[in-house]
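Encoded as structure tokens, here's the structure I'll be asking about.
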Amino acid sequence: MLTNVRLISKDDLLETVQELARDNYRLLSITATEIAGGFDLIYHFAQGMTMLNLRFSIGYEQEVPSITPFYFCAFVPENELKDFHGIKIANLPINYRQLFILSELTPVKTPLAPRAAAASGTEVLPE
Amino acid sequence: MSYPAGLGIILATFLLAPVVGGLLTGLERKVIARLQGRVGPPLTQPFYDLVKLWHKRPQAANRIQIVYVYAHLFFMVTSLLAFLLGQDLLLILFIFSFATVALILGGLSVDSPYSRIGSQREIIQLVTYEPILVLLVIAYYQVTGSFMVSQARSLEQPLLFTLPLVLISFLPVFIIKVRKSPFDLATQLHEPHQELVKGIITEYSGPYLALIELASWYELVFLLALVSLFWATNWVGGLLLAAIFFFAVTVIDNITPRVTYSWMVKFVWKVGLGLAVVNVAWLYLWK
Amino acid sequence: MAWVSSARKRSPWLLHYETGGCNGCAIEFVAALTPLYDLERFGMLNTGNPKHADILVVTGCVNARSGRVLRNLYEQMSEPKVVVAVGVCACTGGIFHDGYNLAPGADKVVPVDLYLPNCAARPEAIIDALLTAADLLAETRRRDQHAHQRAPDQQG
Amino acid sequence: MKRRTVIPFGPQHVVFPEPIQFRLILEEERVVDAIPALGYMHRGIEQLATVKDFTKTLYLAERICGICSVMHTLAYAQAIEELMGIEVPPRAKYLRTIWAELGRLQSHLLWMGLAADAIGYESLFMQTWRAREVVLEMIEFTEGSRIMTGSITIGGTKRDLHAESLEFLLHKLEHLEQALNDIYPVFSDDPLIKQRTVGVGLLSKADAIKLGAVGPTARGSGIAEDMRLLGYAAYGELDFQPVVETSCDSYGRMLVRVKECFQSIELIRKAIAKLPPGEVLVKVKGRPEGEVIMRIEQPRGELLYYLKAGGDKSLARWRIRTPTLSNLPPLVHMVKGARLADVPLITLSIDTCIACVER
């Protein structure tokens, strides 16, 4: 089951992540799920065998700050969020512009967020 | 040398050398397969490859590339021919190097990063082994008093007894030239596992690749002939020496991984060049 | 000429491209090169260079991005050439056929001569398919250029 | 400024059979930057799971990756079982452990062969793959197929092992151990292999934590993390310690994998000795509901599943975070500053599985 969940708000994210980085937590992944009117975001961290999940929800139009200043490896899941859900990430240093795994030839934009597909207006640049 | 004998050698070079070279290549692939616990291709496999490549539709990146392939083959055949006719060793090795240079120029003439970097590595290889070849010629001159290859046959004792270390230092040169592991940096003909795909020959296809393959057979025969020079007084001894060299290289190829070029330069210059210099110095001081 | 086609039959050089899918067939293809199966005894070499190859072995389902690479590789090979689709993904798209990113089968991108539907294709089956492909190679056919179907990037 | 060359490394490349592209920016033969380009294998499995029946998604899970197919079915089955509250019979748990370890063996042997191949060591490549065929023989004998076995299902396993199968396994394990004993000293002591691997692709422990390395990549950098210690399947009852190397380079990561092969053989032997009698499959009824996170140790490292189900026929969300995806940032870090000749080996040293990465 989903255990050890800490509910936070979007504004607390960077501060919390900074604390976790100081305590030598590892970033496992970031999961987004489309819910009514927006996305449910879970940041999975682990220290040894124990997991810690940070959870908060955002609306379609809201921007999430990138946590790459503390965890450089976050650019991989954050680019995935952009690809599959069309979530807007602020200050992403390595930005594939929605072409990380999907290509400009893919007929579907944001395949894991069908309800948001129409709302996604991000510019797609050719490779 | 009499006129008919010379004609015979020329004919043998053109007709027999590719057959021998092809069969040796086939044998080598078979031996490698057996060492790896596989059955391996038939002995005549290189000939099938050659015929097939020759009849593929030609595709070339540019014209000049084709010129260089023909130049490569021409210089390779010429060096073997001059060797068998007993000509000047210095000249022969010069022509031989020119064959390699032609291949390098061909590799550099196309705009492909693999081919370019392969050519750069080939240049490094050329620089690595050329001093050893020069020392070989110097040592040869010291012993025989002449640069002519035919001189070796009239010696009282084989060159091997006076130049053993030079022969050993020739081994890395041989491995570099036949593009075998651990020095298969620029390209490989039959093993595809390379970070540069095919290196210097990446951009050649069809008939042009067939020509390179044919040149590599001439090259193999030439190098083996050069080895047999160390026991030129007796043809059995020369043949035996060449056979030992051939199998040693095949086994070494099988039991070593590829090294990096900086390591290759260090190793060949330290060990190979060192041994050759010691041999030459010894000849100067004691003989 | 008989001896040319005989040489072609005995010396097909392979180019393997994994377009997508799960790697199962790709690994089985590599396994076919190793001592237990040993493709080299039929004169087959895995060249890895499209300019040297005769047979293009496609494993896995073709997606939007890899289709273009596959097409590119195919066009770099010089005639005569044969394409073998190994595994059900390369033949029809397999279990992923209704995915949003896929072309249903490699034949939507390059003309495929031989289909080997299997999940995952066994090395024995791959050897059989490649030997049949070598026979096809021996019949020097010139393929109709119009038979080339459009790549997914050209589809609307 | 030095002249820069850009080499497209992949997507079609002989060294690894999988398509990933690295645009390597070179100064002479030294890599100054590497830009990974993914997407050559993307199939959209996460999306397919939201439209397919959750029992059929099991087969989709198996086909995420052909090398660790057992691991994916195991993780998926365990996640669904946890959601639905199913207790798996103990015999099935042990069988799952045996198969998972066989899968790890064949994956590690495959990797060892490809690594030998990447540095041009033909003969060693052939010998390792010959040993791998022994493992595949065991897998085929006990599971019915070489790659896609379909032997693990929701609620247990589809097959049971009889006494003669177990005897066959033990017999073949001895063969395998002998072959590995021959191979091991080559990997650990051969001077030229050491020359190519020691000090190549350095990843310090601090970097490994910061960049999120998992599995053998992390264990090669001195992090003793192994998800098997969580005690899923029957691992809780089998005593073992994770293999850790502290040299932080390609050599360390290579040794971790070679040593883990011996560990897997030991684990299979222990599991066979302790194998309890009884049923192997329980009936599954109903539909999953809720959220679950499943962490499993794949051959390549930690696999993370997040499943969300709303009591429907299909899942609401299936998030797959595979080990290679997590190991990509460390890889990019390691490749910078390396020589071109070392790039294939460094890339392989994290055991890239692009099929897993792109789903």
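Order as written gives the chain letters A, B, C and D; numbering starts at 1 within each chain.
Simple rule for what comes next: a residue touches a chain if its C-beta (ideal position, glycine included) is under 8 Å from a C-beta of that chain, and two chains touch if they have at least 3 such contacts.
Computed from a predicted model, the values in this text were never measured in an experiment.
Peer 1: Distance-wise, how many Å sit between the C-alpha centres of chain B and chain D, to the nearest whole number?
Peer 2: 43
Peer 1: Taking each chain's centre as the mean position of its Cα atoms, how many Å separate chain A from chain C?
Peer 2: So the centre of chain A lies 38 Å away from the centre of chain C.
Peer 1: With chain centres taken as the means of their Cα atoms, state the distance from chain B to chain C in Å.
Peer 2: From the centre of chain B to the centre of chain C is 35 Å.
Peer 1: Just give me the whole-number Å value for how far the CA centre of chain C lies from that of chain D.
Peer 2: 27
Peer 1: Mind pulling the chain B residues that touch 2 or more other chains?
Peer 2: 36-38, 192-194, 197
Peer 1: Which parts of chain A, given as residue numbers and ranges, touch two or more other chains?
Peer 2: Where chain A meets two or more other chains at a single residue, that happens at 102-103, 111.
Peer 1: Going by the contact rule already set, what residues in chain C reach two or more other chains?
Peer 2: 34-35, 46-48, 63, 65, 100-101
Peer 1: When you draw the chains as points and link the ones that touch, which shape shows up: line, ring, star, complete, or other?
Peer 2: Drawn as a graph, the chains match no named shape, so other.
Peer 1: Any two chains that touch count here, so list every such pair.
Peer 2: Touching chain pairs, listed by label, are A-C, A-D, B-C, B-D, C-D.
Peer 1: Looking at the complex, which residues from chain C come into contact with chain D?
Peer 2: Listed in rising order, the residues are 15-31, 34-36, 46-48, 50, 60-61, 63, 65-66, 69, 73, 94-96, 98-102, 119-120, 122.
Peer 1: Name, in rising order, each residue of chain C that touches chain B in their complex.
Peer 2: Of all residues in chain C, those touching chain B are 3-4, 6-8, 10-11, 13, 34-35, 38, 40-43, 45-49, 51-52, 54, 78-80.
Peer 1: Along chain D, where are the residues that touch chain A in the complex?
Peer 2: Residues 38-39, 42, 44, 46-47, 50, 82, 209-212, 225, 227, 229-230, 290-293, 295, 302, 304, 306, 308, 316-317, 319, 321, 325-326, 328-330, 358 of chain D touch chain A in their complex.
Peer 1: Tell me, which parts of chain B touch chain C in their complex?
Peer 2: Residue positions touching the partner: 29, 33, 36-42, 45, 47-49, 51-52, 55-59, 190, 192-194, 197-198, 202-206, 209.
Peer 1: Quick one: which bits of chain C touch chain A in the complex? Just the residue numbers, please.
Peer 2: 63-65, 67-68, 100-101, 152-153
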